[in-house]
Amino acid sequence: MAIILDKVNCVYEQGTPREMYALKDINLKIGDGQFIGVIGHTGSGKSTLIQHMNGLLRATSGSIYYNGEDIYAEDYSMRSLRSKVGLVFQYPEHQLFETTILADVCFGPMNQGLDKNEAELRAFEALHSVGIPEGLFDQSPFDLSGGQKRRVAIAGVLAMRPEVLILDEPTAGLDPKGRDEILDQIAKLHAENHITVILVSHSMEDVAKYVERIIVMNQGSVMFDGAPKEVFRHYKELEQVGLAAPQVTYLMHELQEKGFPVSRDATTVAEAKTEILRAFGRSGE
Amino acid sequence: MVRDITIGQYYPTGSVIHRMDPRVKLFGTLVFLISVFAYKGIVGLAVVTVFLAMMIKVSGVPFKYMVKGLRAIIILMLITAAFNLFLTPGEAVVQVWKITLTKEGITAAVRMMIRLTYLVLGTSLMTLTTTPNQLTDGLERALRPLKYLHIPVHEIAMMMSIALRFIPILVEETDKIMKAQMARGANFEEGNVIQRAKAMIPLLVPLFVSAFRRANDLALAMEARCYRGGEGRTKMKPLCYQNIDRIAYLVLILYLALLIALRILL
Amino acid sequence: MASLMVKARQLVHEYIRRDEEGNPVATQTALDHVDIDIRPGSFVAILGHNGSGKSTLAKHLNVLLAPTEGTLWVDGKDTSDPDNLWDIRQSAGMVFQNPDNQIIGSIVEEDVGFGPENLGVPTDEIWQRVEDSLRSVGMLKFRSASPNKLSGGQKQRVAIAGVMAMQPACIVLDEPTAMLDPNGRKEVLRAVHELNRIKGVTIILITHYMEEVTDADYVYVMDSGSVVMQGTPREIFSRVESLQAHRMDVPQITLLAHELKKSGLDLPDGILTREELVAALERLREG
């Protein structure tokens, strides 16, 4: 069991009239190799949650276990935790600083104690896996396009070979094709390397297409936790807290209400198409 | 959630002091700062204290809030106090090993702590009752004559107000960059001076790049809103003296005169 | 006011990359003989992926860039004439992508007043304009707030108010929602649609989100510096394959309708909303 959060609370200004719970009684079990989406509106606590998972923020109360070890134990090394739980922040290209792309991606591995050669090997590997051609390795990271910079930044975290990869809104600010490319790449990483991937997003449609489990955050608590189809059944409640189910989910619900024999559980266009065609007595294609 | 730090933290209460022209407040702060160093004796101190207390009361800002600014300089105060306590020659009171604590040392330390406290409270009062824009407007108006010496007063004032506006944003950005690099294993806490200095590069380079990018964006936005320097600009909140300002100037001059008189007479 | 708010004829923009001595090394054609007509009072969207040339076009509209070739008239004024510079910038206000990097004032009302101050508007009138503008975007009650305490959507609305206070004939919004969450996006779109409807301000929305375009009067799609498609939203949305070829992401409903039609269901073209699809499927069921 990779990450366990047990009764985790994160409170600011506790005991004062301005007391604010960023996280309230969080209990979560994240297994190895899962592909999870964390959804919530701004201020729901999703960014705070992921920063607890790699020890950047410390819980006010409650315990967090990584692979069975208590991360708040005296002798537990937070730095080693951060090697294993990689976190890519929003707009990660803002963290680039080195003179060449290769050097920047080496930063993580070198902080892990690897020597220059090993670090470079890791960097090569990581840049390859995000699709950056070797010819660019000597260029300044500031000369790249926005999408390329972002991939270099992600490679910077991948080079540390984390067991868990958390990405905070990896598609923020990208155009539709850029978004698809990055998400496809992440899905590929998950499939090939069997790492646990946690994707934080507010785009339901993106998330529904890729993940196997969705955690919905609302005002610091976990509101729903389950497979996408289960979670989107609660679309009315999701709407009340400012989130929306994918467009097709609404469509299927409405069609069912109007008497069409369709399942309400379609969350992608492909599923909806199959359902509707079936309702009209035709097969797909 | 962006934290607004106490530098330039405006606390609106609608009091007389809030409504005063910023030039009066700038002058007043200057006068007060002079008085904190120029007062003589207990009587002088009493006058300064009463003046400060009255101003705080009139401003309507809760004292608890004002005291927040002091937390920032606690260390400075303790260091200054220590220096004064142990390095002032005079009549010995206590001797510990080679270090002598003198009576003069104690009085010097106390006096210095009072001065620092009053300095912080006095300048806090200024920034709590005046918005950053009013401050820079006030400076711009007050220093306008310098334009004839070819000093770009308007541009400097504009730079200052933009800097003030962006301080909280850059603070938040520093935090974000720090966390992103820590997530890559960077260590900002351990190591000797050289190691810590080197560790700052992954923090400072992205911060500078970001600051330049913001400056570029902002310049385009300002031009898009027809900004072309100070010529021909009107003011939304023009500075114009009113009676409360004239009375305030009078009060300040009397205050200063009183302190000078006390100095001469006592 | 001119008969066309914006008229572009064979507009070309080339970025010239130079080496250290200033000698040209490479040219990149960002705008390739673009023709555009925008009528006053309309809501026009310019769609395109990153690098399609849409941002370069935006910068031409308020003369942050000048044409390499061709001509652009904004509110009847030629952008290549330096005498027109400030007039055009007053007529064509611009809202940028990054909410923070366009707010200059430390207090909302002071930022909204920045534009009128630059125009030399008398003090009393500035206050009137600031109040009217803030009211028109629904942010009047935040007039004394610090921008740092606002959400992204609120900041963008303040930016829009700041532009409205200059009483422009049109507002160009360059990817105003790219950095916002879904709620922020909705807020901003609602605000600009209202301004267009109630105050008759011409709106030019530059974006890569197709969902934002469904209520526009007219749409231009750009790719590689050229206009590759143009028409009403309905006309554009029906050409799904073309849109995908130009790297645009078609909204789920439209894509679904298209797929169903390809599989043999007799649906009309250019279905934009869920309601339309449901109605069309119901009609099919009956007929």
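First chain written, first letter: the chains are A, B and C, and each begins at residue 1.
Following the convention adopted for this analysis, a residue touches a chain if its C-beta (ideal position, glycine included) is under 8 Å from a C-beta of that chain, and two chains touch if they have at least 3 such contacts.
Remember, predicted model here, so these are calculated numbers, not experimental data.
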From subunit C, the most remote chain by mean C-alpha position: B
Between A-B and B-C, the pair joined by more C-beta contacts: B-C
Centroid spacing, where centroids are CA-atom means, of subunit A and subunit C in whole angstrom: 31
Distance between chain centroids, defined by C-alpha means - subunit A, subunit B (Å): 43
Parts of subunit C lying in touch with subunit A, wherever the complex brings them together: 49-51, 151-152, 178-179, 181-184, 208-210, 247-249, 251-253, 255-256, 259-260, 263-265, 274, 277-278, 281-282, 284-285
Subunit A to subunit B touching residues, read off their complex: 51, 54, 56, 79, 82-83, 86-89, 92, 94-97, 107-108, 111-112, 142, 156-157, 160
Touching residues on subunit C, where the partner in the complex is subunit B: 62, 64, 86, 89-90, 93-94, 96, 98, 100-107, 109-110, 113-123, 126-127, 130, 144, 146-149, 162-163, 166
Of subunit B, residues touching subunit C in the complex: 2, 4, 8, 12, 131-133, 161-162, 164-165, 168-169, 213-214, 217-218, 220-228, 232-238
Subunit A-touching residues of subunit B, taken from the complex the two chains share: 173, 176-177, 179-187, 201-202, 205-206, 209-210
